[in-house]
């Protein structure tokens, strides 16, 4: 991120693209164009972008219903993401998955999962495959703070640790699971890190609003995994600027807390550190906005899935 | 006259049961301080306080287990599983424990719990947030299954569910949240195991549940023009199953169509059809038809989801195909 | 001529699939070093080594998830869930993920896994170790379900299951472990979705699966003396379901009895009955009957368990009641 | 256990009753009189007896398919236990439960559960009920070392800790789960104690073959729970003398390990410490054997359940 003098602009642009994308999804939702539920990541961009810069091409990534940022950071084309969220035929899942399930096999994006914790064992399976095929990949699995209380988290961490699998677990601790403060539902301070010892793992807590800190922690964890030294569990402290989903204003959160975290916005933080002028930041923002708008226009012009799509891909073609 | 919608009827139903019996407690994710992910439990924490209404961690197995254990110690817990799809994460607790403990202990212990879950498609939630889990639940002896289709049935059936000495899975259809009805009076109770004839007719029997009840009624209206007079039955509970009402209707009409949301494979409609094909065989003048969703997960895209759901028009077409 | 029993056929079936395809790996609790809780996987660790046969911690969700994830990365995992009853602890992974991922990603990812489980009653294991979970599995689009009743079918169907590009639940009936048959030749494959007529007859069709196949055959023998000539069909797979074979038989016999182990509520027998009551209605001369276990959990006591299981005598009585 | 000079004989007798009971179940199994599966606790008697002496009357206890010792130690009449295991009408579950499901509501024995980990959340519910009804009871939940890797363990421990429930968890670490050594399936030395911190609990490892150590640890934990200071997780090191179940000879275990643990047999250990002569020990053994034989004779004379029992108690009488 530092070799190239313009590298930091690239990092910023990635975060801005995500931010603008999420803003547009919110408007689409308000305009009634996005159905069901959608969960935005404004404020959490640094985790996704830092992770993406640390991983190697082909490393599998599994994330959650709050996964726009991770999938975009790993290369999911904005148009494909928009089209999916809008339920169009050109979406990354042909419109059959939706906002909560962005997936792209060509990018080793193994899916966004909407049942809490369910993807962690699946990610462990992906990592296990790497030890069997020796493909050199390291799997990355992202989940929230609230997810540390569900059984599948525990089963998956234990198995990954016993089998010393090449996997990096990232807990995005944004302090809330839906409307509930994490402190109300776990008996420890750090829902992930304070549990690492239960799996023989190191305790790692990082500033999730600092792209560079994320990149470094994930890189180290990736190296460790590559070297056959097993999994890591990284707890990245961050915050969502908005509510849990859709129309939630998030007003169960103390105003001071929200303000504190807004002041730690990952984008301004990074821009400040790299002395990017306000003007330049605005230019980059405009660039991101343009790209997002173009992608959205294309997605909106795309057709709904054909009626035949309803019945296809329940089974493989071979078998049906 | 007070009007209440299905969404608000949920909190009303819970509140009535909690007012009646101090042993009723309520737990689930985000149900207390936030009033529920769907705002279906607003006001309960305020009315009943933190010793009766509980927010839990995200741990469905712990929620179900806690409810079972507390019930075995004499309480009457209501446990919310936010989306019926999540029942898969705690199925062991429900199917292997709650439903079997009375039998396995030959009656020493009972498990009077109500598990509430929001189920059903139609809102664009995709494959992992749109299921009903009704057929799976119905297949488990020892578990009762309730699927209310109107606000007042919801309130009345819920009172029976909470008073019931056995575990009950209570599936609230989230596509019905805006359905309105007159608020039923205090003390309104609908017994489990009694289907409701929601439209009388003599030519053909339609049986439906949940969000398919309005679909069946609309289909009945559509064919009315063609002078086909349908009877429509809302089963209301799947276990106990009111076969008596179904058979009485088929005796009159000799024709039966079952309208089920979801693929219906090994669903309630297959069970009802199988029982009519046995007990009611000689009453039938024509094949038993089922109108179900195609055998696929629920697609996300609005256009596909709408194709997936049984429609009044397709039910009407099936009806007309008999004549 | 080599004779093999059903128990040993399991390891043989797994070994054949592992010899054929190096991408096949096998994981489960106590399956490697110990050769399985039921000694059904003896010798596999020895033959295929620790990079293909894995003992896991007790964590069914992790087992199923690991299989799914590895399958999505190109492997062909076989996952053992020791008793089918334990499927409740990992139902989410099976029903909400394995079965739906292909559809939700519109075909980008597939999940070619085989989940094996020992199912069924008759050995005195009680309510939490005697279920089949077959009807529940059948209700899930995207999941195939195989229920072999003989050693050679087991071996042949297993090859198809492992080669299949979709997730398959393979339920081995533990009351059949001692059933013997000639060892099928290398390369023996039985396709999924083809029922087998195991006895030809013209008066009545009996349909059964798993341990109920010998029961149905015995019932057919019992009524033979009374000159009632039964056809017996072993479905072999529940998904895909071979309705064609069932309907062809009913066309000939006009009478149908389904014999299902377990309560059968929303079970395969209700689905088959419902479909015949639709598609085969005009072929029928009499009601469709089901002989199932009563609607209770499986009792432990030998005398009660024996009452619980459908018997040849009770099937014969049902058959005779038609005449 | 020390006030009364003969108290230690009472303790010994309890262990001997269990030992003799289990020996008899093994013979019944070999004789084909016990169907299905049965899991014996020879060698683990001290955990059960220590626990039973520490708890108060009415404290709920939940255990597993390996639960003969716990239920007998808590007062389940031997005849009722035998009859259940033999599937007779006079069994504690009317013959409908079996060896894996011994239960007695009158003794607050809330059940033996055969699906690993499934009873831990149920035990948490029992403890939760005590905080609501203020009945002063403390629930005790027992499980094995292998059970610490399943999801429900994690969910239950977390909930109990967050809600500070009056419950004592006892992990009987007998070093094996079925045929698998615990070290092969967990990445830590102590499967329970090394995870206590993940729930904000103290790390407690005790000698599970020492009745007094067990009694003391459980008493302390009970006090703590009673005082509203929440759950405890006790890891009791012990060993099963036999195999996992039925006919398993347990020969996957190193001979030296078996011998070492046989030399730590809880009964001889306790007898030695309290200077009970070999002769007296034999007398007590004979007494236990007699009692067991009498109970077995009665159980064997009992009838099988009536046919009507098949259909009863699926539903409550009221509702059917």
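All chains are identified by letter, namely A, B, C and D, in their written order; residue positions are counted from 1 within each chain.
In this section, a residue touches a chain if its C-beta (ideal position, glycine included) is under 8 Å from a C-beta of that chain, and two chains touch if they have at least 3 such contacts.
In this text the structure is predicted, and so the values were computed from the model without any measurement.
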{"item": "Shared chain contacts [chain A and chain D, defined touch]", "value": "B, C"}
{"item": "Separation of chain C from chain D, taking each centre as the mean of its C-alpha atoms, in whole Å", "value": "35"}
{"item": "Approximate Å spacing (C-alpha centroids) for the pair chain A, chain C", "value": "40"}
{"item": "Interchain centroid distance [CA atoms averaged], chain B/chain C, Å", "value": "30"}
{"item": "Of all residues in chain A, the ones touching two or more other chains", "value": "93, 95-97, 101, 113, 115, 118, 149-152, 154-155, 158-159, 162, 184-186, 309, 314"}
{"item": "Multi-chain contact sites of chain C, meaning residues that touch two or more partners", "value": "56-57, 59-61, 85-86, 88-89, 92-93, 96, 103-104, 126-128, 141-142, 295-297, 299-300"}
{"item": "Chain contact topology (line, ring, star, complete or other)", "value": "complete"}
{"item": "Interface residues, chain D side, partner chain A - complex", "value": "149-155, 158-159, 161-162, 184-188, 194-195, 197-201"}
{"item": "Complex contacts: residues of chain D adjacent to chain B", "value": "60, 62, 92-97, 101, 103-105, 110-111, 113, 115, 118-130, 132-133, 135, 139, 151-152, 154-156, 158-159, 162, 309, 312-316, 318-319"}
{"item": "Chain D - residues contacting chain C, complex", "value": "35-37, 87-88, 93, 95-98, 100-101, 113-118, 146-147, 149-152, 177-180, 184-186, 252, 304-305, 307, 309-311, 314"}
{"item": "Residues of chain C defined as touching chain A within the complex", "value": "25, 51, 56-57, 59-75, 77, 92-93, 96-97, 101-110, 141-142, 144, 164-166, 192, 240"}
{"item": "Parts of chain B lying in touch with chain C, wherever the complex brings them together", "value": "85-86, 88-89, 91-96, 99-100, 103-104, 126-128, 135-136, 138-139, 141-142, 263, 265-271, 273-279, 281-282, 284, 286-290, 295-297, 299-300"}
